[in-house]
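Which chain is which? They are A, B, C and D, in the order written, and residues in each are numbered from 1.
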Amino acid sequence: MIALTAITAEPLDAAALVRALDITGIGALTTFVGLVRDHNLGRRVMRLEYEAYEPLALRGLELIVQEAAEQWPDVRLAIHHRIGRMGIGEASVAIAAASPHRADAFAASRYAIERIKQIVPIWKHEYFEGGDVWIEGATADPDNVEAREKAMKIACT
Amino acid sequence: MIALTAITAEPLDAAALVRALDITGIGALTTFVGLVRDHNLGRRVMRLEYEAYEPLALRGLELIVQEAAEQWPDVRLAIHHRIGRMGIGEASVAIAAASPHRADAFAASRYAIERIKQIVPIWKHEYFEGGDVWIEGATADPDNVEAREKAMKIACT
Amino acid sequence: MHVTIRLFARLRDITGSGELTREAPGGATVGAVWSSLVAEYPELSPYEKSISCAVNADYSRFSATVADGDEIAFLPPVSGG
Amino acid sequence: MHVTIRLFARLRDITGSGELTREAPGGATVGAVWSSLVAEYPELSPYEKSISCAVNADYSRFSATVADGDEIAFLPPVSGG
């Protein structure tokens, strides 16, 4: 059985993530996979390198699973984030959600990806045609109530 | 290459559906799978049998793909619905959506399942402990603007 | 003229067959075909308000005129997904 | 006392190292450790407003007091997903 949360240098497999979930009583299964895009902000991207503060990033994923369980007690969630070098079209993050009903599976999955982008200490180093840049997105404060509410709003409405 | 839309008596495979999509320029991939639940309305379900008016059901899936393409031109969508006898935990429907950005992939996937439940001529015969019943849900009128708007609202907000 | 009538799910259970062939007068509408069917199988009447119809495997209307050899399908409320 | 400072992404590029060991006075806060680091590497100062911090691989606050041997991490805005 693979772990429900992981920070890994190995290629991600959404189907394996689904198999990690207990589907007893489940009516809906969703997966979300984020792929490395060939373009970003008009730049032609060659590859990405993701760096993590691994123990805290794993803790961040676990925190997100816990937050989701508070909001959607019937949802089972698995989240894997890849680190290291990735080419175009490779998966950087995979989320699987299982739930008795579809609304909760969609919402929890969406919530998870929004929260990953807010609080998990992972950084994307973009190598584009002509240069490279560290992408800086959100400030990693898990206690920021506004950020959490924003993620919840995107997921639930 | 498997078809983007299908009504099939074979077991569904969400991963195969994903592989059917062109992922050039894609940043987000979502799948939705509906599974046969062990309970419904307090009844202990033993199995389901899905019946379809096959040519029209296929046309219905194609219509949904087309509607989604109008709303989200960058999204690529694949939908397979299984018919025949299915046990608990088996997949009755699988949807894969690929999009440059995650909001559209989630929305198109959610829209597709809502529309399937509204307009596609497929019927669920539930065999539960102590009896059986044909489940009757929505009236299959693809031109019903209110129904379409309702599905869009669920998907987009 | 002859029309083929396709019935599904509970409607099929009521009539005992998923496919019937019936006579219909020239210029008959889908609605008229349905009405004759209800006359034959009164148990169908509760579906009056909730069914949809298709002609030759395409969504249609009860006001549509049917032609000889058409396949008319009556669709109870759907429950796919 | 000694603390280990962990730096990531652009912060690591600025200092040239992902892990530094520095002296800190007893009772120093995470914020004080950061300030000494900025004194050493002025290029870090634009991150003052946007960084978060962690102590011993758990989310923390700049007001937290550090202890001998602690691992203090400074986290620039994240960009996972």
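Just so we're on the same page, a contact is a pair of C-beta atoms (placed from the backbone, for glycine too) under 8 Å apart; a residue touches a chain by one contact, two chains touch by 3 or more.
As the structure is a computational prediction, the values presented were derived from the model and not from experiment.
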Excluding chain A, groups that stay connected where the other chains sit = B, C | D
Per Cα centroids, the chain farthest from chain B | D
Using the average of all C-alpha atoms in each chain as its centre, how far is it in Å between chain A and chain D?
-> 25
Determine the centre-to-centre distance between chain B and chain D, using the mean Cα coordinates as centres, and give it in whole Å.
-> 49
Rounded to the nearest Å, the gap between Cα centres of chain C and chain D is 74
Per-residue multi-chain contacts in chain C, two or more chains | none
Residues in chain A with touches to at least two other chains are numbered 34, 113
In contact (per the touch rule at the top): chain pairs = A-B, A-D, B-C
Parts of chain A lying in touch with chain D, wherever the complex brings them together = 34, 50-53, 55-57, 59, 81, 92-93, 113, 116-125, 134-143
State the interface residues of chain D toward chain A in the complex, per the touch definition above.
-> 6, 8-10, 13, 50-52, 54, 57-59, 73, 75-81
Note: in the complex, chain B contacts chain A through residues 14-15, 18, 23-39, 89, 91, 100, 102, 105-106, 109-110, 113, 157
